[in-house]
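Okay, got some structures for you below.
Below, subunit A partners subunit B and then partners subunit C, in two separate complexes.
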Partner chain A sequence: MHPNVSQGCQGGCATCSDYNGCLSCKPRLFFVLERIGMKQIGVCLSSCPSGYYGTRYPDINKCTKCKADCETCFTRNFCTKCKSGFYLYSGKCLENCPEGLETNNHTMECTSIVH
Partner chain B sequence: AQKAIIRVIPLKVEPITLEGVFANVAEVTPAEGKLLQFHPLSLCNTSEDEHTESGFITIVKLERPDRDLHPCLSLANKAKLAGERGARAILFDITDDKTAADQLRKPRGLSQPVVLIWGHDAELLMGVVNKNREAHVKIEVKEPPAWPDYDVWIL
Partner chain C sequence: MLSVDCSELGLSEVPANLSPLTAYLDLSMNNISELQPNTFHHMRFLGELRLSGNQLFRIPGEAFSGLYSLKILMLQNNQLRRIPAEALRDLPNLQSLRLDANLISLVPEKSFEGLPSLRHLWLDDNALTEIPVQALNNLPALQAMTLALNQIGHIPDYAFQNLSSLVVLHLHNNRIQSLGTNGFEGLHSLETLDLNYNELLEFPVAIRTLGRLQELGFHNNNIKAIPEKAFVGNPLLQTIHFYGNPIQFVGQSTFQFLPKLHTLSLNGATDIREFPDLKGTTSLEILTLTRAGIHLLPRAMCQQLPSLRVLELSHNQIEELPSFHRCQRLEEIGLQHNRVREIRADTFGQLMALRSIDLSWNCIHFIHPEAFVTLHSLTKLDLTDNQLVTLPLDGLGGLTHLKLQGNPALSEPFTKESFPKMRVLEVPYAYQCCAYGACSNFFKLSSQWEAEDMNPEDEDLHKRTVGFFPGHADNHYDLDIDDFQLELEESKLHPTIQCTPSPGPFKPCDHLFESW
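== the complex of A and B ==
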């Protein structure tokens, strides 16, 4: 297959090749590296997988991993769900809640103390 | 340049023996491990780089330079990073990018060997990769042919 021709390309690729999958994505799509067994290929997604957030650059839109203590996030510094053992407060993951707040072990968030 | 013998031993399939060339950027030394392919846009020293167990042999199929891939690092630095990430050797398929040989000519003393492969040998290797067959790879230093011991010397 001629590398330029998109026959073998997945839907979102702008360019691709037999061995590497997507090399670049169509506009607005995110470029992600995916490992399948011993192969690693490029894929183009409309949104980033869970555990990643999207960053748009002039030449490529990329998915970047959330912080180590965060399971899902909007941006690097705005977490939406923390990993086990951490409480979510204002987009941050804390091991203990700030003074004046209490831990909600159901939602794993810091919440106001209810008197 | 020093030639390399690359023995590829796929699971349940006949082994194949290929030839490549050691790049000067790294030491010329044998190596072996499980074959693992990396995308040319990987190995960027970012959090997206996956954490693989060490002891593997990296293979990167390079694309034509005119495909404008905006690589994040030079090939030498990618080879260095692969070594830091646990690769025992890095194979570059330069069939579509012969400029790679120039990029990897300058000695940098990388401890993991870097081997260039191209043409039919590379095609056979990438055939194994494309079938996603787990394979073990042994890289050996090809010894130059020993001089036959003539008694008579022509001066």
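== the complex of A and C ==
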């Protein structure tokens, strides 16, 4: 085992080092590099940080960035919550709602027009 | 409202004194193995509850009672073996439910009946062996679902018939071998379907009912043929990924009338004898059709493909080239390992954006003097292993990379003025490198080009082509950055021109006619 790799790791880490945090995760967790000042620390999470979505594969669980206008997403092309200034409609972030729908400024979504 | 983060505190149970004004509660990554009934009953404003990364193996029926405002419930990374149907019975505003990375093999019929607002469901990385058809019948608002990383072997007819709002469906990394011809009936809103990494033997004809489909993936399956009219029901398709299949046959008009399709990659379909008819597929930007049996390119090819930027046709049997002049946006042509004999004046005429031509390993014996005259953006030309006697220099002033090895009859010396921007030059004979200054101290033994430009033989052409353009949906690096780094390395480490073969004691610089 590498001299700088310690065994007594926090949370979901399988291996870690004092300087870099988690080097690998326990199964089924997402490995994420968090920036703290100039340093990058490895952390193991059960869900990706806000602004990222997780994809599970047999050998790795990856966090990937959502689109720029999206705060949380299911996949890159399907947003679940838009950033401010955008309205959510069927997984997309729109500045204006499509015809036949109206903006709901409470939920920040496009909703059917109630007559 | 309060946001409470109790994650990673080593808790073995839910803290008792949580405020009724809590809107966000994170209990993830603890050691909670049990929930008591009515634990959260007083938390009427709780909108998001995170219980992921604990040891929950069952959840009692009343555990979540009273959570009328709950929108997001995270139960992933626990030990659940079945869907806690009773606990989910009365969550009228729940929109996102995460049950991924558990051990779920049982999905009771009424599992989701109490979730009229559910939009996003994660059931990936569990132990499902079949599609939970009955349970999925009660989710009118569902928009995105993943059943990836399970052991599902078959998709029956009408499996998703009530999911009319579903936009995204992920089924990758299962064992799906067969699919009912009406398997996707009812998915009127579906835009993304991921069937990658399964065991499909036949092309999934069931997709014909998916009129709004934009992204389709079935790469890494066992499909041998893509039939005619395969995508006749999917006019909005933008991307189709099907590499990693033993595809031998593709219908001549299979990829017609797909006006939004921008990438088409086919490698090793040896039964393809003719160039596909791409009528109506006018947005195609990247066409890769390698290792097939194509011997003729249609004259009107570029009229069907006005947006083409990358044409990769290596390892075919093409003898004669049409004029590509109507492919006005063409940036890269790969024709290596074909049987091309000559390059005419109009072959590459007017292609102002063309940066790279690879014609290596052909039988080219003649290049018209005006063949390259209009190619103002050309920087890379590979003519390795042909039958050239002479090389017309008009239009090649902008070259930075030129490969000519393997043309034994090409013995003319070059002058430095012919290629003012040259950086990497491969020529048939060492003496042809002497034009670039004193022989000994200028040249470096380098296989720079080999290390820098991967040889198409060894690497996966699909990755190189698909990953070649930043705009492409699933590309993991940016070409401009790659080029920039190349420039940086070139300018720092190799201020000089790398010319090979490098002259040396046994290959002196004195110009000797004929070969040695």
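Just so it is clear, the second predicted complex is superposed on the first by the 104 of 115 C-alpha atoms of A that agree within 3 Å, B and C clash if a C-alpha of one lies under 4 Å from a C-alpha of the other, contacts with A are read in each partner's own complex, and residues count from 1 in each chain.
We take it that a residue touches a chain if its C-beta (ideal position, glycine included) is under 8 Å from a C-beta of that chain, and two chains touch if they have at least 3 such contacts.
All figures in this text were calculated on a predicted structure; none of them were measured in a lab.
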item: Partner chain in contact with A:Tyr19 - subunit B first, subunit C second, else both or neither; value: first
item: Touching partner for A:Gln10 - first (subunit B), second (subunit C), both, neither; value: second
item: Which superposed partner A:Ser90 touches (first subunit B, second subunit C, both, neither); value: second
item: Partner chain in contact with A:Ser47 - subunit B first, subunit C second, else both or neither; value: second
item: Superposed model, subunit A: greater residue contact from subunit B or subunit C; value: B
item: Which of subunit B and subunit C A:Ile36 touches, first, second, both or neither; value: first
item: First, second, both or neither for A:Ile60, with subunit B first and subunit C second; value: first
item: Subunit C-contacting residues of subunit A that also contact subunit B; value: none
item: Of all residues in subunit C, those that touch subunit A in their complex; value: 8, 28-29, 50, 52-53, 74, 76-77, 95-96, 98, 100-101, 119-120, 124-125, 143-144, 146, 148-149, 165, 167-168, 170, 173, 189, 191-192, 215, 473
item: Interface residues, subunit B side, partner subunit A - complex; value: 34-42, 46-48, 50, 61, 63-64, 67-70, 93, 96, 126, 129-130, 132-135
item: For the subunit A and subunit C complex, residues of the former touching the latter; value: 10-12, 28-29, 45-47, 56-58, 74-78, 80, 90-91
item: List of subunit A residues in touch with subunit B within their complex; value: 3, 15, 17-21, 23-24, 31, 33, 35-42, 59-60, 62-65
